[in-house]
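In the two complexes below, chain A is the common chain; its partner is chain B in one and chain C in the other.
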Partner chain A sequence: MSFEPKLRAYTAPVFSVEVGSGERKLTLGGESVQPLCFFDKPDQPAPLIGVEVSDVGFEAEGLPELAAFYEGADTLAARAVKAASLPGASFVCLHFEGADPAGANKSVEDCVAEAKEAVAACPLPVVIAGCKNIEKDTALFTALAEALTGENLLFLSAREEDYKAMGAAVALAYGHKLGAESAVDINLAKQLNVVLTQLGVPSASIVMNLGAAAAGYGFEYVASTLDRVRSAALEQQDGMLRMPVVTIVSAEAWSVKEALVSEEDMPEWGPREQRGIQMEAVTAAACLASGSDAVILRHPVSVEKTAAFIAALM
Partner chain B sequence: MPEITFQTGEGVTRIFAAPDETLLAAARKANVAIDAPCSGNGVCGKCRVCILSGETKAPAPKHLTKEEFEQGWRLACETTAQTDCVVDVPDIASAYRSRMKTADLSSGEELELFRSVGAALAEAGLGVDSGVSVIEVKMDEPVAGDGLPDNERLARAVQDALGIEDEPEIPLFCMVKLPALMRESGYRVKCVVRENGGRADILDVLPPDDDTPPAGLAVDIGTTTVAAVLCDLRDGGILAKASSGNGQIRYGADVINRIVEQGRPGGVARLQDAVIRETLIPVIEAVCAGSGVPAQRIYRVSLAGNTTMEHLLLGVCAEYLRTEPYVPAFFAAAPLDPAEIGVRLAPDCVMTLAPNIGSYVGGDITSGALASMIWDSDGPDMLIDLGTNGEIVFGGREFLMSCACSAGPAFEGGDISCGMRATDGAIEKASIDPESMEPIFGVIGDTAPVGVCGSGIIDVIAGLFECGIINGKGRFVRDGRRVVRDEFGAGYVLAFEDESGTGRRLILNETDIDSFIRAKGAVFSAIMTLISSLGFAASDLNRISVAGGIGSGINIANAIKIGMLPDLPLDRYRYIGNSSLTGMWAHLVSRPAAEKLAEISSAMTYIELSTEPGYMDAFVAACFLPHTDGSLFPSVQGGAK
Partner chain C sequence: MALKGLDIFKLTPKTNCKDCGNPTCMAFSMKVAQGAISADKCPHMSPEALAKLSEATEPPMKTIDVGGHKLGGETVLLRHEKTFVNRNVFSVKLRADMTDEEIDSVLEELKAVDYERINERMYAECVCVECGEDKARAAEVIEKARSSGRVLIVKTRDAELAASAKAALILGADASNWEAMNGAAKTAGSVLGVSGASLAELHDTVEKLEAAGNKNLVLDLGTGDAFKRAVQIRRAALKDGDRTFGYPSVVDTAAIAPGDPVLQSQLAALFVCRYGSVIIMDRMSYAQALPLFGLRQNIFTDPQKPMKVAPGIYPINGAGPDSPCAVTVDFALTYFVVSGELERSGMPVNLCITDAGGYSVLTSWAAGKFSANSISAFFAEQDIENKLTTRTLILPGKVAVLKGEVENKLPGWNVLVAPNEAVQLVKYMRELKI
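For the complex of A and B:
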């Protein structure tokens, strides 16, 4: 007797969200199977990988491979083009960490000029990430959304504190897509989606950024949240949780001690760069297995490994 | 070391303060009363004082306007003295003490709650029967050959009159009165007796023309409010009712802060003094004045409180209530003479405390369960007591389950910047016009509003949500004349300077709304967790009794709109007022009801919510208007998926 697999496919898929315009376009979400369960239904969309590039450059110290990859790419646009050339990359994430008032505090005008240049040069669809400062992000995103009208970018992210201004400017006024950021809690995620849609932002313009943690750093909360959000979407068809999920893995993976401590301080741990790559790739795999539709990564080798991981399961 | 001079309405107090000691800490040391419901955490903004002279250090004013800050107003909990200071403590700081409310019994509204509980109990066979009666006995005058002493003469007369087997004992204080009383009245006296099987206790002897009713006192010691009724022990008739803020409030708004405070040196005595001398005794004086019955004619006291309140009332250390494994000193205290805790009533008065069943489900809930008649129903029914701790009882004749959730003092006006108890000047009803966004209020005492009580807050938040002024998160999303914004967030002006009774603007701000949403979320998630732990659904509920002293009643429809109570037909709900107090009244006037109370308390099962795996998730889901899962509130507009 042959084995008859019981297929578990759902009638109501995760919403599809289109990002980009013209030739540079991608679709987030749209699947109607549990994470990575491609065997349950044919022609399911694969999860996507985005590559993060920062407006303040890249870290060379202790990360020779990363430095070699971006060597000579002195502008955000040049780095975006480099990132887009990576096999397996589906989009590029421009991270404006230099806008942070507590850091370089770059002006909104400078950021807009850099973003315009990068968007024009980058052959892949573009996602914008802010500096986490509520006021600065609001001003920056509003200006970027206006300057890049028609590009249909994805902005990460609107939070409970600033969803109103972000939703009104980014999504309603200039027609971009918006990430709804919450802190690893299914209820808070849903509440933010409810207030955003009440504001008039269409569901098809919302992507969820549910927050993350590096593997081993309380990741069980992340896994449980991603898992329950996906189940609510597929099994209960909860319209307020059917948006696709984008997870920024890079910032989490590269901020834990395994990825930060130098080889001089911890010789028995081996080279720092390899540790960081492993942390980033492992966390990305865990997120994809739990329900992320896209992960944003920093290191070219992590991108390569993650792309291979997805391809092997397709 | 700076010297601080506190000026209060009661006089001047001086104390030396350590350089880093806050004005609030110094005031407590000096026994100067400053209202600090949040126990000095800079959250509630109620401990405002005015610096008349001297230099102080304080952070940016979060709860004060710039003008107020410039005028010298500070929060006592955030301010330290840098030099010698003179500090004016405003009268509102002692208001929690003076907020005594004597109920108006003439309208009959207040009495109706007791009458209906009495009728329901009588129908269940637990009618008024305290065993107390007043009998008049006529004795033969002693003559030569009949040398029976006064006490035996009276005891025999009482035995004959009642037809009982044993001669009653005459207590000492009665014997002291007897020689003069018998001879002046021609050997006719009135006796207050309490029959008890084949025996009788003599509670008092009185002249024959004394018509003062034999009184009993039922008391509810709430974390925020203390309420009492005085009644006639013969027929249960209510003679007077009064309530007051619990004087312990200045040591913290909730039981945890009180337990922390009682753990400090002298804390147990300080908290006992605050509830007895500052609160309970004035309440007793108020009911006595209201009824004309002197305190020494109060022969029985039935009292209920949550477990912490009962501990602190008796001066028993409550420390172990909040540390694992949460074991209290007692569930049921033995009946006691109230004089032992400094309450002087009739000399042989006996005080009985309602038994607790858990560290966080106290005698107030067993008492409320008795009054709600939940034990006599086919069920499943529910009793929801909206107090500082929300307590819920679920079940019927077959079983009773209970749980407690920490709702915080929001339902009683605490933790809300413009909140107050349900006394004169409190907004208790409200509606908001969807077009103009102007409010219409019902204010207790028909005065200008000075604050808002629990039932008013429910109405205001429901109105703001329904009119689209706030969103599901409680954030302001519409602008208008009454919506004000500053660096700390937005708020709704309930009353402008010229509309309020205090001359200050009354604003319900986003922080207040947050506090309230958390309180209602705690209650709703506790309800759902308790019901689902037994495999029931909210729609299975037959009858829901809502209790609590949050106003003269709550608008159930509005409570559903904001997702505080399950979305069920309104006719399944009823408001039963302070059920702890009505339960204690029943306990006082009916011996069968008192027995039933003991039975209920031994039969009730307690569920600890903090160990229920789904509770935290359910709580976060409920902290939204009406709920994150809109399908739970199909009748609420905007609530459906």
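For the complex of A and C:
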């Protein structure tokens, strides 16, 4: 008997979340097939790639290609424009690392001014990422959301500790999209979506940031959380887990020793930049395999290759 | 399809004679259904009944041994549903039209990239030779590959060459040559890789090979739509009970993305996560190996058994006997996160990993496996007071409550408490005044 593959498409797709305004728009999610299984149903949306730029610039020692790419781009706006020029990039993520009180501790006003300039200049939709300090991020995101009303940006992220303030300001008062950030656990992810929804934030305004890990660093938890979330959305049609998933790969990949140690310290490992690119690219591919609707990456080569990777599977 | 207890019961003599050690035939049947005992533990079962049972209890996907590595044998599509069983193997690739220098460089790198990570050897297990037209040259390259000591895979459609190669795995059977290749695989004692222009054709060829008595196969996913095939084959085997497709797979990322090491790694990562058994790449550099071997180790961890690191003293940033100790648990994720942050701090420190059953700090503390007692026992076992001159011990922030007890158990030690989150360690270590 001749083999006939059974196709698997689902009736309830992942929710679609629109980010951006005017000419600069994108849709996250919306697929009704398992991750990367484009063969199961025609015209499925492809996952997207965001490029991370930092307000303080990246430390580029040992990363000549990255440094050369951003050469002369001395402001956040200039870096955002550069990032947006990368083939394969769908959005730019402005990462306000410098706001961290434990770091450069830039003022909210300075960050807002930089963000406004960058959003005005950037030809792609913009996503905002904070510094991880709860108080500072709340103040920063509230101010940014107000200053950029109407831009329909995506803010990463609201957490268990600050979802009320973030939900009220970012999503409800100023109409932006919100990432719900949980720590690699399906129950925590669901709980956060439940409380955000109870606050009145529409599901079409929520994306999930389920956390990440670099390949080799407990990635099994990331893979299985993504797998379980996507199964819950498609198979069980769980309305509290049908939001699209955005994964910040860059910060994880570039902070493990494989990507950090200099070639001087580990000559047998070879050039640092290649190791970082491979770590970022491999982690991105693994996240996409398990259901990320978008990955945020740092290095131009990882962006280019991840775009080629997705294209090869379409 | 798995049989239920009741179906098995119908096949037993129903005499409740207890010879199997169970009180009743029904109790015996329930245990067989759960897989707890095998059906032949009942001495009174008829041969027909046993045959029926062994067919029904045959796993949906075969486990195939390629050069000493077990492949396949999977039972679930997603690892959280139970666990993935047999981790994939990686192969580098030699082409017969490469120069000797090129070949040596691949093999030297293969030899160099071989290290240990959390009690597991990290290396590419196989060397694949793509033979081409020149048989004499192919035979030479095969010998070079064999001398690497790794598992030999030979890609050829020439049955004579395939038979003489004595490879662990031959890739090259398809609808047109399966009979000859089958003969070669049998002669050489090799596993046979089968490909097809379509999945239907592949299915037909596998059926023919099985009918000819060969069930020692792997399925070649090809290059055009390898991921689609990987998914459809695995779904058919595990969900639809199609045993013809119940074999491991082989995928050649070097053929899909020629000359592109990053894209090859990404494809390899995809097939580690989804249904690749033998993953072929042009080379395996450190830059590729570090994320890929780590990913494979993660994905093939049993979700019910956390990954553990061996207890002991791990000096970080060139720590010596006078560098402070930081103590934590043996859960691999904790170890990696904490050691990574400590490394980032640049400060020398002796990271002490205690046996806490492989659980996280809070879980093992709650279970009594990470306590003042376990820490002081570890210090005694490792003879730390004699090995190290430092008397500074840093506890994880999450178990700050242990400070007093640890001070009592380890007199003379200055016990400090680290911050709650690992990311705060960099700052903490840099500001640490001892």
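Keep in mind that, in the parts below, the second predicted complex is superposed on the first by the 311 of 314 C-alpha atoms of A that agree within 3 Å, B and C clash if a C-alpha of one lies under 4 Å from a C-alpha of the other, contacts with A are read in each partner's own complex, and residues count from 1 in each chain.
As a working rule, contacts are C-beta pairs under 8 Å (C-beta built on N, C-alpha and C of every residue); 3 or more make two chains touch, one makes a residue touch a chain.
Being a predicted model, the structure only gives us computed values, none of them experimental.
J.: First (chain B), second (chain C), both or neither: which does A:Leu178 touch?
T.: Neither: A:Leu178 stays clear of chain B and chain C.
J.: Would you check which partner chain A:Val245 touches, where first means chain B only, second means chain C only, and both and neither mean what they say?
T.: Neither chain B nor chain C is touched by A:Val245.
J.: Tell me the contact category for A:Tyr221 with respect to chain B and chain C: first, second, both or neither.
T.: After superposition on chain A, A:Tyr221 lies in contact with chain C alone.
J.: Tell me the contact category for A:Leu26 with respect to chain B and chain C: first, second, both or neither.
T.: In the superposition, A:Leu26 touches no partner, neither chain B nor chain C.
J.: Contacts for A:Leu188 in the overlay, against chain B (first) and chain C (second): which applies, first, second, both or neither?
T.: In the superposition, A:Leu188 contacts chain B only.
J.: Looking at chain A, which partner touches more of its residues: chain C or chain B?
T.: C
J.: Looking at the overlay, what does A:Gln198 touch: chain B (first), chain C (second), both, or neither?
T.: A:Gln198 contacts chain B only, not chain C.
J.: Contact residues on chain A for chain B in the complex?
T.: Of all residues in chain A, those touching chain B are 160, 164, 185-188, 190-191, 194-195, 198-199, 238-240.
J.: Name, in rising order, each residue of chain A that touches chain C in their complex.
T.: 2-6, 8, 34, 36-37, 39, 102, 132, 213-221, 223-224, 227-228, 231, 255-258, 260, 268-271, 274-275, 277-279, 281-286, 288-290, 301-302, 305-306, 308-309, 312-313
J.: Quick check: in the complex, which residue numbers of chain B touch chain A?
T.: 471-473, 475, 477, 617, 620-621, 623-624, 628, 630, 638, 641
J.: Over in the complex, which chain C residues touch chain A? Could you list them?
T.: Touch residues, chain C against chain A: 78-80, 112, 117, 199-200, 202-204, 225, 227-228, 231-232, 235-236, 240, 242, 244-245, 256-257, 260-263, 265-270, 272-274, 285-288, 290-295, 297-299, 301, 303, 332-333, 336-337, 340, 343-344, 423, 427.
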